Amino acid sequence: MAFRPLHDRVLVRRIEAEEKTAGGIIIPDSAQEKPSEGQIVAVGSGAKAEDGTVTPLDVKEGDRVLFKKWGAEEIKIDGEDLLIMKESDILGIVG
Amino acid sequence: MAFRPLHDRVLVRRIEAEEKTAGGIIIPDSAQEKPSEGQIVAVGSGAKAEDGTVTPLDVKEGDRVLFKKWGAEEIKIDGEDLLIMKESDILGIVG
Amino acid sequence: MAFRPLHDRVLVRRIEAEEKTAGGIIIPDSAQEKPSEGQIVAVGSGAKAEDGTVTPLDVKEGDRVLFKKWGAEEIKIDGEDLLIMKESDILGIVG
Amino acid sequence: MAFRPLHDRVLVRRIEAEEKTAGGIIIPDSAQEKPSEGQIVAVGSGAKAEDGTVTPLDVKEGDRVLFKKWGAEEIKIDGEDLLIMKESDILGIVG
Amino acid sequence: MAFRPLHDRVLVRRIEAEEKTAGGIIIPDSAQEKPSEGQIVAVGSGAKAEDGTVTPLDVKEGDRVLFKKWGAEEIKIDGEDLLIMKESDILGIVG
Amino acid sequence: MAFRPLHDRVLVRRIEAEEKTAGGIIIPDSAQEKPSEGQIVAVGSGAKAEDGTVTPLDVKEGDRVLFKKWGAEEIKIDGEDLLIMKESDILGIVG
Amino acid sequence: MAFRPLHDRVLVRRIEAEEKTAGGIIIPDSAQEKPSEGQIVAVGSGAKAEDGTVTPLDVKEGDRVLFKKWGAEEIKIDGEDLLIMKESDILGIVG
């Protein structure tokens, strides 16, 4: 199932943080407010201004990004948990 | 009865999520905050800027969409429960 | 008594929902938050932008509309209860 | 004493609603949130946009209007209780 | 000591309301939320828009005005209590 | 250590109000909400509009100003307590 | 691992305040609301206006800055704790 985000929204696959130490002990994530890492799966056509002007986004499919969890909507596509957010919730591009 | 949404609003028919497992056990929807799936039934003529400029919408009749329940208004047309929302409450187009 | 709504306001006569079943039993309206149906009685000259530009409204006298009760002001004109609201509180046009 | 409202403000003399029935029984005003009726006494020179553009108002001295009590400031001029409000608090013109 | 208000601010000297009746009885001011009367002592150079455009104010030194107490800052200049407020807190000009 | 405020911010050195009477009795400042007096130490290059336009500020180094304490950030530069605030928190220029 | 902040965001390495006195006594930071000092590690391409115009930032890599802690997001890159914030959270440039 394909999914095309609308306007300035992007579809993101979360990259789970390593939660085990070398010795295999699970470290509970005590700082859930911290930004998360993910990979862009799909992007909208761009931000749409009030006068109809469309400005393409600055992130593209495949980019690894850090994002704020706060604004993300959780959705399930073909059984996979993904996130939809606005480009403005993305803090920057990794790598 | 026909219904024409005004401006940047769209009329959506909700597509009920499959709530039974293969074995027929009903799984209560414990995550009602998640986005819902629906089909566009009708669209307004477009977003109207303060200076009167009208920008046509990016979704069209028949599109399958994911949307945020939060902003939707429930209405009943010819006995059918439908939803009216702004295009900005639509997260993206499925398929 | 005539009444001309100002700017982007419209005057609406509420169309009471049928509250009796075929057998005449009154069904209390338990969902008062739902949109209501009404008929446009009069419309303002249009939305006025900050620079003075006036954009005519998209609804006109006689239109049957669905509207959100939330934003409406109740007024009484010649003994009749009517509603004044902004065009943006109107969800769409019926018929 | 003259009073010139500034910008998009108007000076309004309230028209008291008839509070007696034909038989002279006083009906307490139980719906104080309802719009009130008044007459425009003076109007400002117009709404002033951020760039300095002035747009004349659509109401004029003598107009009978309905207004929202919410936004009005009560003032006393030459012993008379009057109201100052913005034109946007006026719902429409009567007559 | 001179004081030049910045931008769209004005300096106002409050005109105390007469608080004695003819017979000399003090009437306590029970309606402190009502607008106050004052005289413009100095005005700023004008409202400054985001693009740097400056629009001169509509009140001038010496004008008697009614203003909303809410937005005023109390300052003391050369031992005198004065008020600084934005022109938008002024309701109109008296006289 | 030099410090250049960014955009529409200014660096201010507070001028302490005289808190002793002639006889040397300390009068506690019971009105801490009142505006304070200070001297401009450094100013930013100007307010930056959304389109990148920069508008120079109206205060300059050395100006004695009254400002609202509310919006000021306290910083310590070379052991001296100073304040950073936006020009919009400055009420006017003294002298 | 490289990290490119998006739009008007900047990546900042905090410069820890000296927390020991000459005699080596640790002074607890009792004023955590005060602005912090840091060094710019990377900057976004610029603020993006609604119409797509990009305005380059005024801070650059290597700048020592004071910033408001309030708006900063804590992230960890290659094991180092860094901060992402908008340029508008930066009060000024040191040195």
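Descriptive notes on the structure:
We call the chains A, B, C, D, E, F and G, going by the order they appear; numbering starts again at 1 in every chain.
By definition in this document, contacts are C-beta pairs under 8 Å (C-beta built on N, C-alpha and C of every residue); 3 or more make two chains touch, one makes a residue touch a chain.
Remember, predicted model here, so these are calculated numbers, not experimental data.
Within the contact network of the assembly, the step distance from chain C to chain G comes to 3.
In terms of their C-alpha centroids, the spacing between chain E and chain G amounts to 41 Å. If you average the CA atoms of chain E and of chain F, the two centres end up 23 Å from each other. In chain D, the positions touching at least two other chains are 50-51.
If you walk the ring beginning with chain A and heading to chain B next, you pass the chains as A, B, C, D, E, F, G. Residue ranges on chain B touching chain C, taken from their complex, read 1-7, 9, 11, 42, 44-45, 48, 50-52, 73-76, 84. Contact residues of chain E toward chain D in the complex are 31, 34-35, 47, 49-51, 53, 55, 58-59, 66, 68, 87-88, 90-95.
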